[in-house]
Each structure stands twice: as structure tokens, then as C-alpha cells.
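In the two complexes that follow, chain A is the common piece, with chain B as its partner first and chain C second.
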Partner chain A sequence: MRITQGCFSYLPDLTDEQITKQIQYCLDNGWAVNLEYTDDPHPRNTYWEMWGLPMFDIRDAKAIMGELDNCRRIHNECYIRLSAFDATDTWESLRISFIVQRPSDEPGFMLTRQEVGGRNMRYETRAYVLQKPEGARYDS
Partner chain B sequence: MDTPTPIIAEDSKTLHGKERYKSGVMAYKKMGYWEPDYEPKITDVIAVFRITPQDGVDEIEAAAAVAGESSTATWTVVWTDRLTACDKYRAKAYRVDPVPNAPGQFFAYIAYDLALFEPGSIANLTASIIGNVFGFKPLKALRLEDMRLPVAYVKTFDGPSTGIVVERERLDKFGRPLLGATVKPKLGLSGRNYGRVVYEALRGGLDFTKDDENINSQCFMHWRDRFLYCMEAVNRAQAVSGEVKGTYLNITAGTMEDMYERAEFAHELGSNIVMIDLVIGYTAIQSMSKWARKHDMILHLHRAGHGTYTRHKTHGVSFRVISKWMRLAGVDHIHAGTVVGKLEGDPLSTRGFYDVLREDFNPMRLEHGIFFDQDWAGTRKVMPVASGGIHAGQMHQLIHHLGEDVVLQFGGGTIGHPNGIAAGATANRVALEAMIMARNEGRDYYKEGPEILNQAARHCLPLRQALDTWGDVTFDYTSTDTPDFVVSPMPAY
Partner chain C sequence: MLEVADTETQNHGPVDLRAEFANAGISDVLYGLDRDLVGLKPVKARIREIASLLLVERVRQKYGYATEAPTLHMSFTGNPGTGKTTVALRMASILKALGFVRQGQLISVTRDDLVGQYIGHTAPKTKEILKKAIGGVLFIDEAYYLYRPDNERDYGQEAIEILLQVMENQREDLVVILAGYADRMEKFFTLNPGFRSRIAHHIDFPDYENPELLSISETMLARQNYHFTPEARDVMRRYIERRREQPYFSNARSIRNALDRARLRQANRLVAYEGPIQPEMLTMIEPGDLLGSRVFLENPGNTGEIDA
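Let's turn to the complex of A and B:
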């Protein structure tokens, strides 16, 4: 399966040129670009690992692409997402977020059902890879 | 010895003292409801009405009558006014302008002291402002066009419990409009079949599905059945996509007790959103907002019924006012028009509604129907929902008119896809993502829209099929509810 979190998951994976243009869009808006990676793709896993701090002071798309390359090199079998923070009053949150790297294989999620109280159901979504310890989940 | 100058110099001057309180009937404009020199206080509520006086009734008297009947007046003079600080309680018409290009119609500006209104109650506000006065005989028609709500009053309301930013954080979806679909046919599906539509639409790429306004608990599908099958569908779709999904479970019912019961069950099943209809009434809406706040639930409002009083320009209440009331009342989503779809929606007026819902400060923009500066003082923002007769082929127009913070709901445009519901959903999602990417890259996406869609369709057969099926279907009719002011370049002399 292909997890479809983020802004562009239904399009073919972005090329570096396309990613650079999106970064430029973020910079033009005055947002801070942020890189995060994880090997736990659960839809409600909010806190991916930060690749350093949000790049508040880097205003050059090429430099940010350099950071992305470093992150990819070290975490080559992880999900990496690129997002941008807008600190404007009454927003103060992300303005965009999309996946810029996926592991080569995405096994997906198991849905378990626990029957409780009549026809009610308790659902649990669990990534198959979570059976392995953190850091060893996507090694081939 | 000096004689006091008579106070009745002109026929529309307010009388005072003994003259004012002589028993009998007196013109409203002499009773203190027409005060052309009045300067509204920063804490006043201000309403602007479009008045159409009966033949022979002058506009000043009509405006004063509206002020009177929406505040303290009755048809005759009563001495008991003199037991009160009545100058304060009287609403004051202070300005009357002719409506451009509409003979016989006038905009009347009326100021109300804040003391007239109970804090945090839309019911109380509306009982005054749109109470008796709309049936008042000396007027042919009356329309509430806009209101200025002072910050002091805004702060007495909770506002949306979730709002645009927190909704996005909770769903983990940023940078693009959200996508939804209303399950069709809206009546007759069993719970099991209904859940199938929800599952297919969500797994195909939509973020939300939605019950229609009149899906409550009928013989063909009781509410508990619907909720159970829908939540099975939501959870399955989450597992196959790895994305947060939701379905607006409509909890509208005949009594508050039933609504609370349905809301509690939705909560117990893990739904992240519930839905209500505008027809349940303002107090019920505020109650459900309180409940939603307590249960971390997004509250979706379907504006069922609004067209009966918002659509025609001469009588009723503008939807921009309903938008303001609903932001105060505390809903997180509200249907606010599509511009290009099948339902009423002039582009400029619709822009005004969206601004009211989404901005923290609305500057006066007469060309969008916004008569006043409005400071929302940090009240959370309402996510507008665009629904009704829209499809993937209009994606560039939708983003151009409605922006990014909106739920685009393609019901027929998802479920009617020749290759099935999931294919319809995928077509919409691909069209959306491609258009957002192009916009961010700085392309002139509005002009190049069809080309961008065709390019995206090269790697997405469902989008190709959607474009071939609906092409450029559009609903191009004249709007009935348009702003009266247009921006036209001033002639150069």
C-alpha cells in the first residue's frame, strides 16, 4: 500500500526540482521549513522525529534541499515529511505538509476489531512494521 | 423673559418632556428613534437594514419605526418609559441612504446599546433584531443586510470549539482544501449499503463523507445502524490509507434529548465529527457547540432552510449575517456556497461570506456586501463548506474563488463516476493535488486549469474519465443575491 498522508500523496513522487519549487513557495510566504522523519506511519503519530530545528533563518531553497539530502542519507528507509510553519497571529501552525521520501516497501496497517457491548466495535489500526523495534522496521 | 425655543422645529426632531409623553400615537421619528446626530459607541451593536416603505411612508419614519419596533417601542406612547433610562434602551436610526439603482429602497443604519442584549445568546439577539419588526405593516419588505458586533459582545460567546487551525492539526491535513462527499441517494439506502458508499469514497481519497440534511432516523435506516456501519467504513478506510478520515454523522433529531443521545453514541464509537442542521434553531446549535467543546468533536452545520430567508434581496436576512451568528454560536463547519455549483451564490457575495467565516478582522468592503469593519478578537475561524453541483473539472475555479481553507464536497461528482465511487474520489483528489502543486509553483492555474487537469489525468485514468463525463458542466444562472455596490473606476476629469 501507499500511505496517503500529506498534500501530494496522490501524485507521482515529487522530483527534487518539484520539491525545490514547493520550498520556494514556503519561503516566499515567510514560513519556516521543517523536516521530520519516522518509521511509525500511524495516522495519528503526530510527533515525527525532528531533523534539527525548523529552519527559521534559512531563506535559500538550495540550502534546505541540502538538509533534505543529509536527512535522506542517514534515514534512507524512513518516511520523511517536509512542512512549513506560519507564525502569523491567529494561525501559528503548519501551512503545508507533504511526504518527500518513503521506505521502499510499505506493508500498511492491520485493522483489529474487538466486539464489545452488542454490535459496538473497538477498532485499532496498527502498522505491521511496529512488530519490529524502532530503527529496524524497514531494513530489508 | 426668554421663552424656551420650541423643540419641534422640524417634523422629524425628537420631542422631549411633557410633549413626548402625551397619550396617543406619535411618529416614531419624534419619539427618539431617529437621531441623525448620534455617533455610535464602540460598544453598540449596529444593524443595517434594507427597508422598502409602503407608499406614502417616508424613509426616515420607516427607519425610525424599525429602530423602535426592534427595541423599546410599542404602537402608542406609554408613560412607563419614564421609569427607565429610556434614551439608552431606544435603538437609534442614525443614517438612511438610498440603495444604488433600487428606487424605493433604503439602507437604514440602526445602533443598539449593548445593554439590550443578554451575553452569549443568539436567541436573545435575534428576538430583538429580527423579532416583531419583520411583520411590521408600514413596510413592504425588510432585510437585515449586515451587523457590526462590538468586541465586547463577541467576547461573550465561546465561538467555534475547534476552528480551522485546530481541525487541520487534528486531521493532520495542511496546505490544501479538504475533500468530502455527501452520500447519495440521500434517502432509501439501508445502513449496510450506506456504509459501502462511505467506505468507497474515503478509501478512494476523500477526507470526509457526509450525511445529508434529511438523513436522521427513518424507517429505511435507523440512526444507530447508520452510525455503526459508517464507523466500520471510516476505520477500514483509515487502515487502507494510513490517513485520518471522518464522516459527518447527522445527529439532528426531534428533541435535544434525542440529539444528545445520538451525539454520545457517535462519541463512543470514536467519530471525530458530528453534524447538525440549521433548522434545529439557534439555541439548540449553541447547546451542541457546548457539547462538542466538551467532547473534542468537530461540529458541522448544514444550512438547511436558509434559502427561505437569505435568497431574495428585499426581504429576510442576508447569509452574511447568518454567518456571523453561526461563528458566534460556535460551529466549526458551515455550508457557504460554491459560486460555480448548482445553488445560489454570486461570486462577490460569497466572497463576503467566506471572509466573515475565516478572517480575524473584516474590513468594510461594500463590493462584497460587508458594510462594517468587524473585529473577531481571536474568535476561532469557521471552515466553509462548498457543496452542490461541483466536479473535478472545476478545480481551478473552485480554488480561485474559495481559496485553500474550505471543504470541497463532491457528492454526485464522486458517486456518479462511471468507474465507481472510489474512482470518483481519486479523480477529485488527484485534480486537487495537481492544482495546488501548480498554484504553489507560481503557475497561472486559473487560466491554465484545464491544461493542468489534462496533464494530471495522464497518470490517473479516473480523472480522465471524470473530465470526459462532466467536462465543463456548469450552472450559469443569474444570481438573485448580489451586492449593491460595485467597484467602478472613477472617471478621470
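Let's turn to the complex of A and C:
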């Protein structure tokens, strides 16, 4: 099951050239680009690991693509997302966030039901990969 | 194969280099260089040559005669205060205008910014700087400090290796300009032949002539809305002659410092002045403001102050 999260996620995965253009757009607007990775695909998992620090003071997308390549090499079977932070007054928040790498195989989620008091039903979505420990979830 | 190239050329028709020149916006930059920078004739000539080379290179690319990305790394050598940093900044905009760097920013660094303090600190530090410089120009001032031959465990060597690798492999991403005093740069290149072979353009910055320095001093003052009285201008000319003979003379930088002191003395004079101050008095540098300088003492001695 293909995870959709952030911008562009209903489009086919962006090519490197398209990612480069998006990054350059962010940089031209003066936003700081961040790279984050995780192997927990749950949509409520908002705390991804950061790859290095937010990249302030960078002018050209090529520098960030270099970092992305490094991150991909080390975390080749993880989700990697790229976000851009706008530090201008009153914004001070992320302006864009999109997935730039996903594992080759995404098993998706299991839906479990739990009966609670009365005839109430509690639902839980649980990623199949979460049965494995962190770091070993997408090893093929 | 040859025929294909021929027809393509015909399709493009002849090329108007002058129009290309104008379109690139580079004539503005070169004109600005001529107008804003006094003297430096050989430097300007070299920059013109490089700009022409780059322009022709770009037209050649358009016609499919593309060669690989040209080596654009440069070394600027010259005495202190001869305008190396200023020209580097212009260089960044020329390269940007011609599309040989994508963003055209100038990142100016010295040894401290590149070399770390303990093992494993240097590489990330250097790479961090290189990341900032990608798409623009990396200007390394006093580059010879990177290499300390007397200490073989010095971390500068590590920075040099990373730099050399990037200068070779990422030629299309950034341009490195090394700057420093001529003799020490020469020694640095002898000890690090890798640098010399990767640098295409060696530009030597000559010292300014006295009249050039005078004109620089007037430009500097005008930029801050000051001007010399005619007598003060003569004093300034004498000041330059005498200052040149003294130690630690650093061309335009000495002039800037001298003017800063003159402004100080002018302010002092105005505060002590009894009577109403006319607006134009606020902009005038008078002979006394310059004559107060140590340079005019019969025996300047060593007060420990430079450019006082």
C-alpha cells in the first residue's frame, strides 16, 4: 500500500530533477530545507529522525541533493521526506513537505477491531512492518 | 557526423557575439568594474579576457561544440588592500551573468572556517562551507595558512584534500578563488602542486600608484558624503607619499584607515568649534584633520599603532 503523505503524494514519485526544482524553489524563497527519515509509516508518526541539521544559508539545490544522496545511501529502505521551514515573522512554520524516498516494498496496514463496553468498537491501524524492531523493518 | 554538425550550424546561422555580450548583461558588470574600481589595469584586462573566453565557450556550447566544463578556479595574488576581495565579488556576478555558476553568491572564508580543532572536526566543517558555496564562488583569503609544513599533523592538510577533490569533481558547481600575498602563495603552490594544476587563472594585483590612491580616497569620502577642501587634497597627496614609505603600508586599506581617523579629527574639531556650524562644514575634511596624523611627524617612531 503506497503511503500518501505531504505534497505531491498522489502523483507518481518525483524524479531527482523534479526534486531539485522544488528545492531550488524553497531556497529562492529563503526557506531552510530539512531532511528527515523514518521506518515507521504510521500517519500519526510525526516525529521523524532528522538527517543533520536544518540547512540554513544554502543557495543551491545541488548541495541539498548531495545530502539527500548521502541519506539515501545510508537509509536506503526508509521513508525520507524533505520539508522547508519558513522563518519569516508570522509564518515560522513548515511551508512544504514531501516524500522523496520510500521503501521498495510497502506492506501497508492491518485494521484491528476491539470490542469495548456495550457494543462499541475500537479500531486500530497497525503497520505490518511494526512487528519488526526499528531499523530492521524494511530489510529485504 | 560532420555533415550533421554542419547543417546544425547553418540552422543556427552566424552568431552575433556583441549581441550575446549585451544579452548576458555582462557588459554592465564589466563597465561597473571599470567605473567603480580605480587602476588595476592588468586585472581588468585579465577579467575581460576571461569573460570573453567564457562567452565564446557558451556560444560554442549552443552550437554543440561543447567541451567539458571549463576550469574556472583562480588565484588572486597581491599585496594587502589591492582589491582582491572586491574583484572576487565582481567575478561572482560575471560568472553568474554568463551562467557558469548558478546562484552567484560569494562565500568568503579563511583557515578558521575550514580547519577544525580536533581529529574528525575538519571534514564536516569544510563540507559545510562547501555546501554553502555550491552554486557560487568560494573565496579563500590567505589560502597559504591552510598548509603548515612545520606541523605534519596539522588538520589543514585534510581541508586541502577535500578542496582539491571538489575542485576537480564539481567544477560545474562552484568556483574556488584562492587569494593571498604573492610570495607566500607561490610557496604554497610549490608545496601543493595539486592546487596549481587545478587553477586556470592566476591574476596578479599590482600596488596602486599614488594618484590612484588619491582618487580612491576621494571616492571613499564621496561615498560617505564627505569631501576634501582643495588644500586638504594636497595634504592627502603628501600623506600618501609619506605613508607609502612607512611600514605596514597596505594600499587602499591604509587609505581607508587614514580617512577614518581624519573623520574622527574632523568631528573633534567641530565639537570644539565655537560658533554656529554651517551644514557644509559637516562634509568638509580640512588640512588640519589630516595633518594631525602620525605620518607627518618628523620622526614617526613606533607608537605601536598602524595607520594612526
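The rule is short, and it goes like this: the second predicted complex is superposed on the first by the 139 of 140 C-alpha atoms of A that agree within 3 Å, B and C clash if a C-alpha of one lies under 4 Å from a C-alpha of the other, contacts with A are read in each partner's own complex, and residues count from 1 in each chain.
The rule is short, and it goes like this: a contact is a pair of C-beta atoms (placed from the backbone, for glycine too) under 8 Å apart; a residue touches a chain by one contact, two chains touch by 3 or more.
Given the structure is predicted, the values throughout are model-derived calculations rather than measurements.
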- Message: Following the superposition defined at the top, how do chain B and chain C come out on chain A, clash or fit?
- Response: fit
- Taking the superposition as given, does A:L11 touch the first partner, chain B, the second, chain C, both, or neither? first
- Message: Quick check on the superposed pair: does A:E67 touch chain B, chain C, both, or neither? Answer first, second, both or neither.
- Response: second
- Considering only touches as defined above, state whether A:P43 meets chain B (first), chain C (second), both or neither. first
- Message: On the A-aligned overlay, A:R59 touches which partner chain: chain B = first, chain C = second, or both, or neither?
- Response: second
- Task: See if chain A has more residues touched by chain B or by chain C, and give me that chain.
- Result: B
- Message: With the superposition applied, I'd like the minimum CA-CA separation between chain B and chain C in Å.
- Response: 16
- Task: Name, in rising order, each residue of chain A that touches chain C in their complex.
- Result: 55, 57-63, 66-67
- Query: Okay, in this complex, where on chain C does chain A touch?
  - Reply: 102-103, 105, 130-132, 134-136, 173
- Which chain A residues qualify as touching chain B in the complex? 1, 3-5, 7-12, 18, 21-22, 25, 41-44, 46, 83, 89-98, 108-111, 119-121, 123, 125, 127
- Message: Touching residues of chain B toward chain A in the complex: what are they?
- Response: 165, 168-169, 172, 174-176, 205, 228, 231-232, 235-236, 238-244, 268-270, 360, 378, 381, 426, 429-430, 433-434, 436-437, 440-442, 456, 459-460
